[in-house]
Amino acid sequence: MKTSRFLFPLLVLLSGCSGGVQSALNAQGHSAVALKDLIIFIVLVCTAVWLAVVLVMAWALMRRHKRQEGEAAERKMTIAVSVAIVMTVLIVGVLTFASFLTTRSLYSGTDATVTIRVRAQQWWWQFIYDNADPSIAFQTANEFHIPVGKDVRLQLEAVDVIHSFWVPSLAGKQDNIPGRENVLTLRADKPGVYRGQCAEFCGLQHSHMAFLVVAEEEADYQRWAAQQRQAAVQPVSAEAAAGRDVFMSKPCAACHTVRGTQASGTSGPDLTHVGSRSTIAAGLLETTRGSLAAWIADPQTLKPGNNMPIVPLTSDELRQISAYMEGLK
Amino acid sequence: MKDLVVLDVSKLPLHGTGMASPTWWATCTFMLIEGMGFGLAIAVYFYLMSLAPQWPIGAPPPDLFAGACLTVLLVASIIPNILVSRWARRRELKKVKIGLLIMSFFGIVPLVFRIFEFPALNVSWDDNAYGSIVWTILGLHTTHILTDLVDTLVLTALMFSRHGDNTRRYGDVEDNCLYWNFVVIAWLPLYGCLYWVPRL
Amino acid sequence: MSSETARYTSLILPPGAWLMTTQLGQMLPYVDCLEKTHWTAFTAFAAVFLAAAGGLLGWKSYSAAASRTARFVSGFGIFFGCAIGFALLLQGAASLLLNECER
Amino acid sequence: MQEEQSGPPMDTDLDDRELESRLAKTWSTRPGFWGKIACVDHKVVARRYIFTAFVFLMLGGLLSLAMRLQLSQPEARFISPDRYNQIFTMHGTNMMFLFAVPVMEAMAAYLVPLMVGTRNIAFPRLNAFSYWIFLIGGLLLWLAFALDAAPDVGWFAYVPLSGPQYSPGKRTDLWAQMITFTELSALAVAVEVVVTVFKQRAPGMSLDRIPVLVWAMLVMSFLVILAMPAIMFGSSTLILDRLVGTQFYNPAEGGDALLWQHLFWFFGHPEVYIVFLPAVGMVSTILPAFVGRPLYGYMLLVMALITTGILSFGLWVHHMFTVGLPRLGESFFTASSMAIAVPAGIQIFCWLATLWAGKPVYKTPLLFILGFIFTFVMGGMTGVMVASVPFDTQVHDTYFVVAHFHYVLIGGAVFPLIAAIYYWFPKMTGRMMSERLGRWSFWLIFIGFHLTFFPMHILGLWGMPRRVYTYQPELPWASLNLFVSLSSLILASGFLIFFIDAIKSWRSGPPAGANPWNASTLEWATSSPPPPYNFRRIPVVSARDPFSPGNDELTVATGLRTDRREVLVTTIVEALPEARESSATDSVWPFWAAIATSIMLIWSIFSPWAVVWGSIPIAVALIGWFWPKGEAEDES
């Protein structure tokens, strides 16, 4: 590898920089690692072929011309071209086999312990942890947790238009298509927070449709799941309590659910534990009281065209409602 | 650059027919385009059928009468059509004129039955995907008949005019006959799709 | 078979076989997955055979050809047999290596 | 016998000058505005076509600069998301439908009749009609953009985003109907090219003597004929879904979202080869002229062309690897997509062999061709990468793919096209382009191109999706994006110099002479620019190179009439003379037919009844077009 770093500047870029939390080259999951190996293999082979072609071209341009004419020269050329064609066939064959073998290695059985329904919609992600016992089912938005080292089965659905579920550090993408159901199996090898983003153009705010996958040890995951199953916590401060009342009396409750209250709208994300998520508005802003206030005050400036309307609030109401939201851990 | 004459083509005819005629080839290419269109329509029909839990979706299969009459008429029209083509090749102006009148008739009458075919589908185009594809297929083929009918009518008028007795016009008549054969042959798989596949 | 027929058969056979498998490859895996059959693999290799036969016919008509242009056309048959046969072999490999149910 | 003596005037015993003046009288276009409108000379129509397509290229390029401005920094607010979506949709639609395909068709319409040695394209009136339809379709789309009503659903217009529910208004209808316009014009030219190549080749130009470029244009035309009906079916059913409530794409009523993708890509993938195969023909024609030896591997190249054309119909699902089809079926498309690398490789090897055996003369066209080989092979390699199902699941819909297809389309088609413009400009205008500006434009375009598009591969692997109007500062994409945006200015300046060169040379370039490159294909056997009748006498061909540049003699046929537009029809395989066919005279009816068709198509966006009432003027115009006027061309 060390010598190849001098030879292939492309490889330096590939192996030297992993490209952050949302990169196919920063592979942290079973599938992504297999894909990264395939990517590096094919890129190396192709780079070699490209270099060979360019070198032959350069040689052809620079060689001193003897201007061989006649049949001998022609026959030599025919042999060279034939060899090149045979090489092409062999290389293409090898790459195709590599591709098929990788596809085969990605196929995992149905021994997934966790199944999550991923409902993509303009322009946010709904993650539903279904259970036969509805009392322990719960849902979250734009952020979900998975146990490390376990296969997680994702059922991909779309509510409105086509979206595509993609966490490059964990696996390749798979589309969410209205009227169809796709399945993607994920497995994170290391604990961490991985970013994903909608990969299929889905309208105005396609750019702001991100989510986070939090992979954690089994015990942490179970603790998180148990906490998510709880109904919303009661506000602890007077300000937050006032915020709850504003929330219930304004149109907010018509679109959002806060379990344990009368708010049970379903067109927007479930906010029961919104304070426990690290971002709001599908990865747009970090969850702080300030960003919550900014978002609620004017969602259309921060994310033009999204489906959350501007609800007229006084500055007191805005402060109270943000406090309430932040407290929904 | 100097010309070195090596070939004299002055004895060649001023217009070729069949494979010697560019128009004949253009007719064939247009048939390829339209054939591709019909092929796609059939493919879409079967594609939608493969997705549907039952086929036809939410409707009884189409009633047979109008479609059967039209099909019989179209198939029968092949005979005069071939005759017209033969007369045109032999440049028999009078027979060609009569033949074109007959073919105009064979273009109009199927359209009358076609009017009754649409309600016989027992489904509206906006009911479901089944309705959409059968209306589209029927609509496409109606356009097909209509365009050839207009073509035949104009050609008939032309043959009765002073421009009629001309090798080029006879070639046009032959190409028109070729195209009508295509209209009829293209209908048969469409007919099978529309009327008999739902009965399988 | 006359060399004329062989020539045109060799032009049609390999592409035809390949178009067929490419299309069937979109339908048969569903059947294979449900019924545990191997129709996809079967059609892929049947098509390899057809393409090879096309190539051979082209070759036969090449040597039997009288005119320059006829040989030119026969050359296409041979080439189609090889190039499309290769594509079909790769399809065949896929049908052996991959599981029919995988989505 | 008597008839023959008093028969029509023939070219048999005329001296060259007298013959030329008589032919000029028969073939020339009448002066004045309506004369220009009525003109059916393939060279004039094709020149208009090429010019218009390059205007669209320039406009599309400006759109891409606007996108690069918006993406130069994270969360930039230069352009609103709505406008940005219109811009990238317009960029893709414009470049594919209004530039790439039309310009290649136009090159075919210009070059094919000259290269096969005939006097006009088959069905010249259809050719004129095709241009007017193309022009009106393009104007329609750009007018919509000017009115802030341009389509905003991507050039691929996936349903349900483009369906009635999620794309209200007329934007998407305009897109879908623009498709109808451009496909109509493309199909028309394809039919003309097929018939011209089949029936109007010079005597003796048997199948194995057809120039590679003509083969390429023939294969391209067949791809158009077989692929375009799919998109026309798709766009029409989309309009029906939106206008009259059919349910093709509505999953709730038995329709399917993937049906659209199948139809779109069944057209969309051959489309790439519709653009690329003519480029193969151009490279194969230009290269020999600058290395001073004939092309190596004529037969191999032609076979590779045709095989590529066939295989291009089995690649469409590789745009759909992530939609959830069975992996096994998808892998069949991996197989075909990988296998197509073999004919592509063969083409490259033939060109390398030609280079190897020849002595390169570094004129601008050759520079662009060397740049093409360098760049296109890279695009081919990334093509092999995205052909692999698992590889593609990581890079599909990312900037990696944006980089890949710009390598293939700009590197693989625009570089050869610019080479072709430098090469055939003298033929088209009678003037040479500047070698100095040509070199400047080559190096700026070449370097600017790689600096702009190579980093996009990395951005894609780093997880940057396509079609985003912005990205967030916490992602590590900002510096590369800024770099790309700055580099795009270099690329744009290269194109600017090319445009300046073309305009300057058109007006005041040095005269070219008949054969400035010492080439040996038939278009160089006549003057630059060619007279309206192309050739004084129809050439007769007896070898793959129809004439040798050193030789001052051209073997020709006589026996055509001079008082009417007459072309020679030959047999399909051996090109033996069959008939002396007339060629249509100038007519304003194609123009009126195009106007009537446009009114019907645009009206039908608003009301289905337009199809009924709008068809009547079309029928009238068509009857006017075809009704014999008792001219000499009517005789038989």
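Each chain gets a letter, A, B, C and D, in the order it is written, and its residues are counted from 1.
As a convention for this text, a residue touches a chain if its C-beta (ideal position, glycine included) is under 8 Å from a C-beta of that chain, and two chains touch if they have at least 3 such contacts.
The structure presented is a predicted model; accordingly, all values stated were derived computationally and were not measured.
Enquirer: If I rank C-D and B-D by number of C-beta contact pairs, which comes first?
Expert: Result of the comparison of C-D and B-D: B-D.
Enquirer: Can you name the chain that lies farthest from chain D, using the mean of each chain's Cα atoms as its centre?
Expert: A
Enquirer: Which whole number of Å gives the spacing of the CA centres of chain B and chain C?
Expert: 33
Enquirer: How many angstrom between the C-alpha centroids of chain D and chain A?
Expert: 38
Enquirer: Give the residues of chain D that touch two or more other chains, as numbers and ranges in rising order.
Expert: 256, 324, 327, 331, 334-335, 338-339, 342, in rising order.
Enquirer: For chain B, what residues touch not just one other chain but two or more?
Expert: Correct list: empty.
Enquirer: What positions in chain A touch 2 or more of the other chains?
Expert: Expected reply: 89, 92, 96, 100, 103, 107, 182-183.
Enquirer: Provide the full list of chain pairs in touch.
Expert: A-C, A-D, B-D, C-D
Enquirer: Inside the complex, what are the residues of chain C that reach chain A?
Expert: Answer in residue numbers: 86, 90, 93-94, 97-99, 102-103.
Enquirer: Please give the residue numbers of chain A that touch chain C in the complex, ascending.
Expert: 89, 92-93, 96-97, 100-101, 103-104, 107, 182-183
Enquirer: For chain D, which residues are in contact with chain A within the complex?
Expert: For this pair, the touching residues of chain D are 80-82, 85, 153-154, 158, 160-161, 165-166, 251-252, 256-258, 296-297, 300, 322-324, 327, 331, 334-335, 338-339, 341-342, 345-346, 348-350, 352-353, 355-357, 359-360, 370, 373-374, 377-378, 381-382, 384-385, 387-398, 458, 461-463, 465-472, 475-476.
Enquirer: In their shared complex, at which residues does chain D touch chain C?
Expert: 206-208, 299, 303, 306-307, 310-311, 313-314, 317, 324-329, 331-336, 338-340, 342-343, 573-574
Enquirer: Along chain A, where are the residues that touch chain D in the complex?
Expert: By the definition above, chain A touches chain D via 13-14, 17, 19-25, 32, 34-35, 38-39, 42-43, 46-47, 49-50, 53-54, 56-57, 60-61, 63, 65, 67-68, 73, 77, 80-81, 84-85, 88-89, 92, 95-96, 98-100, 102-103, 106-107, 122, 156, 160-162, 164, 166, 168, 171-175, 177-180, 182-183, 195, 197-207, 210, 283-284, 304-305.
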